[in-house]
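Shared between the two complexes below is chain A, which has chain B as its partner in the first and chain C in the second.
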Partner chain A sequence: MLYPVVALLALLVAVPVIHVVVASLYRRNLFQVRPPRWVGLENYYYLVTSAKFEVAILRSMSFTVTALAVELALGIALAVWVHRMRRLPGMGLLRTVLAMPILVAPVVAAVMWRFMFQPDFGILNHFITGLGLPPVGWLSSPSIALLAIVLIDVWQWTPLVFLTVLAGLHAIPPQYFEAAELDAAGPWKQTLHVALPQVRRVIVIVALLRLIDLLRAFEIIVATTQGGPGDASYTFPVMIWETAFVAFEIGDAAAASVVLLVLVSVIVTLLVRAIARQGVVGRGQG
Partner chain B sequence: MSTQTDRMRFPGHAGGVSRREVLRRGAAFGAVAAAGGLLASPAVAQSRRIVVTTMPGPRWEGALRASAAAYMARTPGTEVEILVSPYAEHYQRIGTSLIEDSTAFDAHLFDPVLIGQSHPKLEPLTALFDSDPGWRDYYMNGVPYFYRGSWDWDGVPYSIVHDANCMMTWWRRDVFDALGLAEPASFETILANAEKLNAAKANAGFMTCAGRTQWFLGMTFTGMMHAYGGRWYEHDEMDAFGRIDPARGSGAVTLDAPAVVEAARMLKALSRIWNPASLNALEFENAEAFKNDISHQQVMWSGFMTLQNPAENPRFHDQLVSRDFPVGGASPDPARTGMKGGFGLAIPRASVNKEATFDFAKFVTSRENAETFIRAGGQPSNAELLNSWGEQPQYQVFRSIAQGVANGHHLAQFAEGPQLFQIITQHIGDLVTTDIAAEDACAAMKRDVETLFRRSGYL
Partner chain C sequence: MAEAAPVVLEGVGKTYQGADRPSLAGVSLAIAPGAFFSILGPSGCGKTTLLRIIAGFEMPTEGRVLIDGRDVTGLPPRARDIAMVFQDYALYPHMTAADNITFGLRNRRVPRREIAVRLEATAATLGITHLLGKRPDRLSGGERQRVALGRAIVRRPRVFLLDEPLSNLDLKLRETMRIELGRLHRELGVTMVFVTHDQAEAMTLSTTLAVLDGGRLQQAGPPDTVYARPANRFVARFIGSPSMNLLAMVAGPDGLAAAGAPAAAVLAAPAGLVPGPVEVGIRPHHLRPAGPGTRGLAVRVELVEHLGRSNFLVCTPVDAPGLLAAGRALVAEVAADVAPEPGSALVLDAAPRDMALFDPASGQAIAAVGAAGEGA
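Right after this comes the complex of A and B.
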């Protein structure tokens, strides 16, 4: 009974990966009529020695770390707050409203924010200048563009962290909080010593999911800046897309995709191992 | 036996009919339809269906749809289907359908950047051109050589060039008159004007599509480099049409030559005073900036034609004027400036309707169809049409296009051309967003282009 599953997995996962790895060993332009040329590891050599490789890695890391930190902090804080206030009227509606950004397609969210960020006639600068402040080049200032994209991602994906952690909090038996109250623990101590330790596995899982997603983040950046201005938001996935579908260099893009795959796998594996050693997930958990 | 669920109710059939009855009637209808189809087959064989791919927008889709409607009215028995897909998908569709020798398409809205790679899969049009000498002469004499040649390969035409586009300067005549500013015929004038315009109103002085998107920055800079007398590489000559002969190679990469560095210095100077939105602006945002009285001087593609339409731009449609791309530097040559783009209609070799498609393409470019084509939003390639229609205020931009398509630098027409634009956009992006000096940006740009050319066997 195992063989069909293995065969299906091989078909869905292994075959495309092998195809990309093989493509990365050829120099091939999508519009080139002459057949692809075998170049071995040359595509990888040019990739890692190019200036844009270093830039793309740096931008990807900055984007991932910043967005992940903000989304986790905000999502957990919101979940704890909504969980504490769960008996108040209207909290169900509030929960739904807070979760709504997830329902918006990322590219739609990006275009919507792009219009709001427009420096000359966007609504955000309309309010800012109305307060007598200078207009902000949200997506056109090299020092702000990446942060503005982080803001879009935070708006869209914090609800995922919020909902997941909230579900975990709801699963904690109420007796735990009652016992803490009997021990005179206030809301802060209850959160710190009862709620968060109980949902740490949920937090780790949602953090890993967001990490993987952020390392691959693509639609929002392409729909807002395409990596610009200059290379201010030129992340690794944007580099792959630009190489494949703007420059049509399939071999180079395949090599970059393989590097991203390895990079994400290594980062996630190292993190999972580190977390497993702490006993939160995996073999070490108690 | 029929049950209640077996029975379907149809309007007018109070008692309903059984499933078996439905199947029986369906089979009878099918047989009649098939017989009718067989009987009608001679008529079907006479009607032709041409499928033309294009991108959205009045200039492409609008002009082709209007032309198709006019053509179908004039040519009974021919159906022209205009198949629209967005920019990126359109190019992929061309690439994949040519590789696969697909017979699904009869003409593609064709960008000359693809000609080097794609011409073996396109129909050589010399014989079809010669089949109608009257039209051939009208076309050859009307569309400037340095423009239509972009769609040729080894002297053989592979497209009927029906659309013209180039970069140019736009400005607000009333504002310029009020401030006593000179016509922006050179970048030095643009810079001086921009400072005065900014002094009168913040960020009004100069704006361009300088974002990373679609290599706008790389295109703008190439137009400037050309205006200053620079070139990408030694053999980047006007009659080389942006191509590299593999046997001859590119010659030395000249992206650090004094003229190129001078153009880079000018762009850096402009970037210090331009409307900051330039760094992420798309064409429509530049258009909005004009419409909303935000910027008064821009270097842009000719797509601003719609801004001269009173319905599109009620406030300033009659105040916006254009001219060919500015010149610059010590010895400017007005016949060498700017950047050209544009599209033709290419017929795939695999098409089974070549003659009919060619006939449609001829019609699209004809004098007979000019009014339909232009009023629907098209920008014709024929200089005579451009200049005569350009006398009307609403189409004055056509005169700038007529100059620009003859004078502009060609797009890169070798397989690695998109990568060349990517490299230029990258380094000029660094130039205008960081403190890097023009000399250093140009040196880095040259280094990366040399690497690309070595990999490609051009150096």
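Right after this comes the complex of A and C.
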């Protein structure tokens, strides 16, 4: 009974991966009528020695680390705050409102933000110039563009961290907080010594999910800056997209995809191992 | 060790928002300093709510709570000088036993040297010195229980609240911890308020027992008084296992006759009983087989349950259809060598001094008889 399912899953996962690996070994340009030419590992060599490879790695890293840090910090803080205020009326509504950005399609979110980022009539600059400050080139300034994209991702995905952690907090039996109350622990100590340790696993899981997603993040960048200005937001997935659909170099794009797949797998595997060693995932704990 | 403090509840009531019935109504209690006070009742009777009101986790919607003569009704739990042991212990999972025990002291900025001294003394009292470095997930149920007790003891509270602390332990361990709790109470001399649904715990440990049902206090008093002189029908049925037999009878000039059967009197009546209908409560072990031909309750034995030390005889009355409530059987506890065949006839007798008498209409004890009735 299990084998057909396993076979189907293997097929669904393996076929595209094999296809990409095979494609990465050929030189193939969609603009040229020539048939694909076997080049072996040449595409990989070309990729890792190119200047854009280094840029893409750097941009992906700074984008991922910044967005992950902000989303975790903000999501956890919001969850702790909403959990502490859970008895107040209107908290259910607040939770729903805070969760809404997840429901927006990433491209739609990006387009929406692009309007808000618009230098001349965008709402953000309206407020900034209203304060007497010079207008900000949100997506046109090389030093700000990547941060502006981080802001979009934070807006869209902090709610995931928030909701997950909040669910974890709600699952803590109230006696723990009551015991801490009797132990004269104030709100800060209750958060630090009761709430957070008990949602440690949840935080780790949601951080992993966000990490994987951020390493692959692509829609919002393509829908806003397409990697620019210059190479300011030229992340790894953007590089793949550009190689495949702007330059139409399918072989190079496939090689980059394989490299990204391997990188993500290695990072995630190492993290999961490191975390499992600390007993956060895997082995149960009373 | 801190002085034990009395706890007084004055007309405490609690109605949750949106509930059509109060969870607690008009509970007034005086818990003497140093008492081991058990609150006993079936699930949903309000006993845990009552404990949480004493602790300050719930606010009563009416009435007052006084600890050591001070009105603490509006005070938060931490300001009440109480400690509580929770049903599932609620130990902080990421802290060692030692850190669990001293967390409250550290938060209260007790000097570090004193914390060390108190921790050592507490651990020694509970015999957990060797466990102090372990985290809760490395401890057995009984060990966790001791750490949870330690966390409460180390604070030297004046009132100690325990919410069914033994209910998560297996039977053997439960007996050990029961003895342990009794010893702790004697050694610490603090006021302990103990919530349980286990009669054996309540009976053996308490100096005072309060029985709660439907959010109302049914009776409070020393365990033997509650057992021997239940204040009403509920307490009579609830305390004791198997529970007290309640017989609908009519008091006449020559004794008690079964209600609805205008036959001759079958049991001797307690002195001073007013003639008329009365509900007679008799504990199973107070029912004795009478010799043939003598006066008594004629019954047919339906079932004999052997318990080793004694036998339970489950019987139905003969020719007295109104004697028992529908669906009830008469249970007698007799010596192990008394084992009549199922189906055989038997006559049971009971002494008037072993009878608890209730008003059939109100279900309340008739206080005129014998011992001093402990009013609810």
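Keep in mind that, in the parts below, the second predicted complex is superposed on the first by the 282 of 286 C-alpha atoms of A that agree within 3 Å, B and C clash if a C-alpha of one lies under 4 Å from a C-alpha of the other, contacts with A are read in each partner's own complex, and residues count from 1 in each chain.
Here, contacts are C-beta pairs under 8 Å (C-beta built on N, C-alpha and C of every residue); 3 or more make two chains touch, one makes a residue touch a chain.
Keep in mind that what you see is a predicted model, and the values were worked out from it rather than measured.
When both complexes are superposed on chain A, chain B and chain C fit side by side without a clash. In the superposition on chain A, contact is made by A:27 with chain B only, not with chain C.
When the two structures are aligned on the shared chain, A:5 is found in touch with neither chain B nor chain C. After overlaying the two complexes on the shared chain, residue contacts for A:249 are found with chain B alone; chain C is out of touch. In the superposed model, A:198 lies in contact with chain C only, and not with chain B.
With both structures placed on the common chain, the touch criterion links A:52 to chain B but leaves chain C unconnected. When the two complexes are overlaid, the chain among chain B and chain C that reaches more residues of chain A is B.
Taking the Cα centre of chain A as vertex, the centres of chain B and chain C in the superposed model span 150°, given to the nearest 10. Using the contact criterion defined above for the overlaid structures, shared-chain residue A:184 touches chain C, although it does not reach chain B.
With both structures placed on the common chain, the touch criterion links A:173 to chain C but leaves chain B unconnected.
In the superposed pair of complexes, A:131 makes contact with neither chain B nor chain C. Here the smallest spacing between CA atoms of chain B and those of chain C, following superposition, is 44 Å.
Shared contact residues of chain A, touching chain B in one structure and chain C in the other, are absent.
Partner chain A is touched in their complex by these residues of chain C: 55, 57, 76-78, 82-84, 86-88, 90, 92-95, 103-104, 107-108, 136-137, 151.
Residues of chain A touching chain C in their complex: 173, 175-176, 178-186, 189, 193-194, 197-198, 200, 285-286.
Only residues 88, 91-92, 95, 98-99, 114, 117-118, 120-121, 203, 210-213, 215, 275-281, 285, 288-289, 292, 294, 415-416, 418-419, 422, 426, 429-430, 432-434, 444, 448, 451, 455 of chain B touch chain A when the two sit together in their complex. On the side of chain A, the complex with chain B involves touching residues 27, 29-33, 42, 46, 50-52, 118-121, 137, 139-142, 145, 224-232, 234, 242, 245-249.
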